[in-house]
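The structure under discussion is supplied below as structure tokens; questions concerning it will follow.
For clarity, chains are labelled A, B, C, D, E and F in written order, and residue numbers in each chain start from 1.
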Amino acid sequence: MRDLFTQATYLAASIFFILGLRSLAHPDRARAGMNQAAIGMLLAVVGTLFVQEIVTYQWIIAGLIIGTVIGVPLGTKVKMTAMPQVVAISHAFGALAATLVGVNEFVVHDFGAGVSSGTMAALGFETLFGALTVTGSVMAWGKLQEVLPGRPITWPFQNVMNLSLLAGTVGLFGWLVVNPANPLAFWLMLTLSFLIGILMVLPIGGADMPVVVSLLNSYAGLAAAATGFAIGNNVLIICGALNGASGLLLSVLMSKAMNRSLTNVLFGAFGGVQAAVGAGTAGLAVRATTAEDVAVQLAYAQRVIVIPGYGLAVAQAQHVVRELGELIEKHGGEVKYAIHPVAGRMPGHMNVILAEANIPYDRLYDMDEINDQFEQCDVALVVGANDVVNPAARSDPSSPIYGMPILNADKARSILVLKRSMNAGFAGIENELFYDPKTAMLFGDAKASLTKLVAEIKAL
Amino acid sequence: MRDLFTQATYLAASIFFILGLRSLAHPDRARAGMNQAAIGMLLAVVGTLFVQEIVTYQWIIAGLIIGTVIGVPLGTKVKMTAMPQVVAISHAFGALAATLVGVNEFVVHDFGAGVSSGTMAALGFETLFGALTVTGSVMAWGKLQEVLPGRPITWPFQNVMNLSLLAGTVGLFGWLVVNPANPLAFWLMLTLSFLIGILMVLPIGGADMPVVVSLLNSYAGLAAAATGFAIGNNVLIICGALNGASGLLLSVLMSKAMNRSLTNVLFGAFGGVQAAVGAGTAGLAVRATTAEDVAVQLAYAQRVIVIPGYGLAVAQAQHVVRELGELIEKHGGEVKYAIHPVAGRMPGHMNVILAEANIPYDRLYDMDEINDQFEQCDVALVVGANDVVNPAARSDPSSPIYGMPILNADKARSILVLKRSMNAGFAGIENELFYDPKTAMLFGDAKASLTKLVAEIKAL
Amino acid sequence: MRIGVMKETAPRERRVALSPEAVARLIKAGDTVVVERGAGVAAFYPDEAYAAAGAELGDAEAAGAADLVCKVQCPAMAEVGTLRAGAVLLSLTTGESAAAIQALVNRQVSVLALERVPRITRAQSMDVLSSQATVAGYRAALLGASSLPRFLPMLTTAAGSLTPAKVLVLGAGVAGLQAIATARRLGAVVTGFDVRAAAAEQVLSLGAKFLAPEAIAGDAETAGGYAKELAEEQQQKVIDAVDGAAAASDLVISTAAIPGRAAPRLLLRSTVEKMKPGSVIIDVSAETGGNCELTVPGETIVHGGVTIIGPLNLASTMPQHASQMFARNVQTLVDHLRRDGVLAVDLTDEITGAMCIAHAGALR
Amino acid sequence: MRIGVMKETAPRERRVALSPEAVARLIKAGDTVVVERGAGVAAFYPDEAYAAAGAELGDAEAAGAADLVCKVQCPAMAEVGTLRAGAVLLSLTTGESAAAIQALVNRQVSVLALERVPRITRAQSMDVLSSQATVAGYRAALLGASSLPRFLPMLTTAAGSLTPAKVLVLGAGVAGLQAIATARRLGAVVTGFDVRAAAAEQVLSLGAKFLAPEAIAGDAETAGGYAKELAEEQQQKVIDAVDGAAAASDLVISTAAIPGRAAPRLLLRSTVEKMKPGSVIIDVSAETGGNCELTVPGETIVHGGVTIIGPLNLASTMPQHASQMFARNVQTLVDHLRRDGVLAVDLTDEITGAMCIAHAGALR
Amino acid sequence: MNTMTVIQLYVFVLAGFVGYQVISRVPPLLHTPLMSATNAISGISLVGSLVAAGSGDRRISNILGCIAVACAMINVVGGFIITDRMLKMFRRADKPEGAK
Amino acid sequence: MNTMTVIQLYVFVLAGFVGYQVISRVPPLLHTPLMSATNAISGISLVGSLVAAGSGDRRISNILGCIAVACAMINVVGGFIITDRMLKMFRRADKPEGAK
């Protein structure tokens, strides 16, 4: 009866987890969904407390209290900007728990003498993945927190070394499966796993840490699933599988969003294939983005100012830009068009083009009318404009456009630039705005890019 | 070892089934996916043949040969138009197999004396659902094949009668679970189940049979899952669950596509809530459709002729119609616009409106130029036009528009009309075209409908 | 059947009743067409084009001797003699003296008045009022744009931002709607106004705004789709509404008309005086007296910085396409009149009956 | 600083150098402005508007006595005397006799020529050539549309289908592009042509087509963004290409110009004779001799059914907005010339230096 | 209810989830082939039938099993063939070359 | 490999499928919260830790288990709180009334 209750809570918990994750597909429902998942967790814990094997509760209570006392401030006190680090460190703790459970199983079963090969395989798997996740997460935390240097750390023969370590660990694992009662092998494997976690993350750059954390998530999932197999616990298997699959997929998707493959992210430093996304005059970096990535940002923006330029006309993208504007408005945002006096190639070029798409006149704003509003604007969407948003006009007396008043796109909270390349505009000069950390570049023909954005926003 | 092999094939088969069904989300990959599923089925069969319980093969071979000899011609010879019937009948066979397995289990275990309550529950479930699926499918076949009258068959107190029968069956089932060794209850339950299948389908109209077949699919799935529980077979459980869930969802989706709820489809005849979708002057029926339903038709059409009318201008839908046209062209179709001389409310109204959306002049065709091309056109898309496509102008001398040349929309292979209601146009007269069996009506403001169509096509 | 096309003699009339293209269609249908030399020159249809289409070229007498004589304007007194006695005349009969009509009657000429084509669906392709009003509306908008000392569209340039012109179109019939469409195309902010209830939706369907004065009781539309005259008090409401809107506008194009009556007065002197210097009024209804109190038909006057133009026969200022459309209407009518290859004036016919104002020596 | 605005005396000139709005801006910046009575009337800016903006009204002498005198056209010989000796003059200097300039020099007037504003980004807002060319392009398209005997847009009506007019725009500079945009707005099928390579993309960016004659060797663009003269053989290729395109067009708007030289000849008599009767040529370059061989500057001639219009000073036909833009350019220039509230003619300045053609009693 | 049954319940629930998610992505156009496809897959009761037909316990088992096998086989063979024929129609009819 | 393990393998595979499908629908904007959410859920190893901490067999179990419980709890509590804080930012900030 007791067992039945536990099983029922486990089943319910699994369902809650799945539903919770599903709800993340909809920004509006996501929070409610995560509350569901939290309830699932509570159920699983309560269900476990009724398990027959549990005979004493003081240790449990102690652990729960300690964990809560540390966990709550960790979650609440940290600044929003430090979130990725916290996720990494919280992850390390979770993995440590899994590792400890594995070690415990090994220890209590007479140092392996009391387990079958199959169970040992599960146990070993658990310990291996758990351990490397622990150190890997700590390393990721260090890189994100800038305790460790953010740049990839490499040295000669690193590759050979890592591979041999890995081979050694796998060998030990195999030995353990064949002959479980082998404490030496177990402890050695554990140590090597910790080491691998460190070595794996060292050569990856700080900016790629989110991918790493997500991948470690996947490993932690596999460890949990292995625990589930070892102790015959379904909720562990299910959650483990969920995490294993989703973590892997997520890290692939994240790499893709950076226009790189997962292998490139993980082993990029070795092959020297470091993808140079672009470096500006002053060694500054350009942030290239994808329609997918910025679609939600636009959809949920409150105030968007569109800055059309010559490129909009060249791409004949006027109709699509109107569509995008309407879509943002349907999502509750406000869209204005900032018309620079010399945007385009003839006086009134933008007026003609936008009128063709039937964009109402009262959405069009003169430079003087709108220049004060950029500070409150969430996204400045620069469509094929260049010179008219070039801060050099304000700051660089040697520039041919010095003295021309410009649209204050650089004052916006974030800037999204749609153009085909890093090529210059009419005046033939570089534009610092594109290297601004707040700026994301969506490369491609403006019409194509806008069409993609529209499709992405509609698909939300 | 043997068992392990069977289990492995089962696991593989399950994965193949899931992947196969997934591929149905993409018309281009669907066929390949179904081949995968077929391989899965083969694997499952081969795996089963190695099961320890199987000791004799002649009966198996006989059954397989008979099944193939009947099944192949059933699948290949039948006309495309008779497909739904064949699905129904093939379904009846599958359900019969499940029922027979259930009966056999009951019989061989000493007429229930040899089974536990739990197993009996599974067995009973299997037999109950299997049996009602058999007769239900046969009835559906009859209605589709027009062996039985297609109209809903109803009689007084039908509702009360069906409910009491159902209650009786459930009662018997309960009795069996409590006391498995009860052959009388078993046979009675079986008979009642067969009866329920018949009675359930009788009051449903012939046109709704696809929904019924899909729902029976769901029942058959549940029966299979029950079998799986009874004989401890995972592939049966998985396939059963897949079918159970997908059949139910599919019947809900299909009902929705008809703008009705599943309950309305199943019990519509009782409450007299028969949804009158619309009936024309001459008792003809109007076919209302949804954007979802026609999106694929448009996306895959080769030749589309758009007929704009006054409603397009009223809805100010010119920009969206251009977008839709471009989308169809991206899918490889060809889009032309047929401009009737008096479409709209002023000479050249359509020209002005379409020019505003920048639809190139060479896509616009005069009535005389295009009237011969309707016969080759897959879809005539009538957007807010009415009088200019009214066949009464050709055929009804008493009509106020008699003698006016019209666009031959009625000659197209299919016609899709976008308007808000069944209201008349300028001339104030009914339009037969809307009652044409080839015509589907998408009701709503033209701009809203077109926007939906665009979104649906993009989501394909 | 023998068809004659006479050259127009009225001042400012540059159109011709049949274009070479229409002539070709008629000849294909079996008719013979005689065109007076030079008939199409003002509309940029040289005689050679007619000859190439298969027409005979002749003098006025030759054209007048046909069974059916086509003309744009009603023949003046001096021209009546050119027509064969007993011929059928197809032309407008507006703007001509009753005396000329009487002379035609006396000559046993059957007169089919083009402006009387009934407003039914089937006759749409014969309706010259619609086709010529289309031209007039387009020309009115162009004339307005050309007369304004400012841009119609909005323009943001290095030399400052120019606001779009506000255009008010009074009367949203065929001409009014076309004027709205044309002004909108040029980028103006357009408001339309009409007393018929159905007009509001039509104006909106062109993307323009509609000026809705306080509810005008009932609908001001007759069965034929034309407007009827308003009651005194309603008229006042209309004038008040127009007054405010016009004062805020840069360009007013007025096309309001009531068939058979003087054009309704919508723009008073006081309204004009409220308008900004540089504003323009194009009074398309000048022919029937004008919608504006100050309009002088056929002339351009400037009143307190406001230019008021009262153009006459606007369609004729775009003679080629106006003639092409006119000719297509006439040709469709001829096809309608032709029975087995011969001309038949069937007074019981819904269309012919309505058009015929004189037959067999008597006014009808 | 004291600024004077003189009334224009040249025939056909309806613009004024400063609008009330620009006057208000200058006064806000601390200047005093004297406006000659009636200076803005032709542009629909009444004297009251200037007074309301804070200007003093006076006669020509009062305006001429200012530190800085603003005018649209260069003062004629008779007007030179009105200017205070040593004043600074801000005006166009095209089209005026060298004698008048010499007289100004003799009077120690510093002349800043508005047409010489350098074509650099910073000076865009002072460039009257650009702003006035914008007006000219728009007006040329309107003039063309009004002069055509046919519709510009396509129209499908009960009276037949009318094909859209084909418009060819020669020279895709500021005026040409604006003409393209305006004709496109009206629904015409527009083709643009220019010898500068960059123009192709610009024409396409307006949704028009580009006529690309067989590769013209090298690029015909100078550093300033202007075109240079073509070699003989290239010139022939251009003429051939234009010949074919023009023959197929209903309306040709030609704006091709080379600064400081006669307009290039692009339309020969033979080309005009290939055009359809009723076609129209608007030769915006008439002022510098015309792109068409038959153009008579300032007149409208008809040659074989083709109307050829050689308008002079097109910008002035839309005086209100043309003046507004002109005034904004002038005002920005004045702001540029003002240093600590006083007028400073700094010849080392990139813009002032380029504009100054006479200073301290000497031509530069 | 033993552990085995419980874990089978897990399988059932998870498979149901998968089924639901998979189906909800299928476009309406393919609903009919989908119906046919799930029908074909529901022929999996063949597996149960095989065991019955091949068992050595009783003759009745063999007979019932043999009929069941035949019926299930009709379902499987017919179902897959029909589905395939339907899907064949959904190939993009003579897709224009070069179009993407 | 016993039947139990086999059937657990089914559970594993199916759950993997579900995970894959669920994640592939999450928009990129929510990838960071998603990462955080899966991290929180991976705290499920708490369940294993509880069993260890509560077992009566050996003291070592209790101690290791207690540490594991604490660690897992940090993961769970921290993870859920962080996720919630992130998601809070994604509410449509002061959505205009009446807009749908």
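Here, a contact is a pair of C-beta atoms (placed from the backbone, for glycine too) under 8 Å apart; a residue touches a chain by one contact, two chains touch by 3 or more.
These numbers come from a predicted model, not from an experiment.
Note on connectivity: the fewest steps through touching chains from chain D to chain E is 2.
The chains in contact with chain A and with chain F alike are B, E. When the partners of chain A are compared with those of chain C, the chains appearing in both lists are B, D. Where the sister copies chain E and chain F meet, the same residue numbers recur on both sides for over half of the interface positions.
Chain pairs A-D and B-E differ in how many C-beta pairs are in contact, and the one with more is B-E. Per the C-alpha superposition, chain C sits rotated 180 degrees relative to chain D, a value rounded to a multiple of 5. Put simply, the chain farthest from chain E by mean CA position is D. Taking each chain's centre as the average of its CA atoms, chain C and chain F sit 78 Å apart.
With each centre defined as the average position of its C-alpha atoms, the distance from chain B to chain F rounds to 39 Å.
Spacing of chain B relative to chain C, judged by their CA centroids, is 57 angstrom.
Residues of chain A found to touch two or more other chains are 14, 18, 234, 238, 341-342, 347-348, 352, 355-356, 358. Among all residues of chain E, those that touch two or more other chains are 1, 3-4, 7-8, 10-11, 13-15, 17-18, 22. Residues of chain C in contact with two or more other chains: 124-125, 130-131, 134, 153, 155, 157-160, 162, 185, 187, 207. Applying the touch definition to every pair of chains gives A-B, A-C, A-D, A-E, A-F, B-C, B-D, B-E, B-F, C-D, E-F. Taken together, the chain E residues at the contact with chain B in this complex read 1, 4-5, 8, 11-20, 22-58, 60-96, 99. Per the touch definition, chain B reaches chain E in the complex via residues 14, 17-18, 20-22, 24-25, 27-28, 30-31, 34-35, 37-38, 41, 44-45, 48-49, 51, 53-57, 59-60, 62-64, 66-68, 70-72, 74-76, 78, 80, 83-84, 86-87, 90-91, 93-98, 100-101, 103-105, 107-108, 118, 210, 213-214, 217, 220-221, 223-225, 227-229, 231-247, 249-250, 253-254, 257, 292-293, 295-297, 300, 302, 332, 460. Across the interface of their complex, chain C is touched by residues 14, 43-46, 124-125, 127-128, 130-131, 134-135, 138-139, 142-143, 145-146, 148-151, 153, 155, 157-160, 162, 182, 185-187, 276-278, 305, 318-321, 324-326, 328-329 of chain D. By the touch rule above, chain D contacts chain A in their complex via residues 120-122, 124-125, 130-131, 134, 174, 177-178, 181, 185, 201-202, 204-207. The residues of chain B lying in touch with chain A in their complex are 319, 322-323, 356-358, 455, 458-459.
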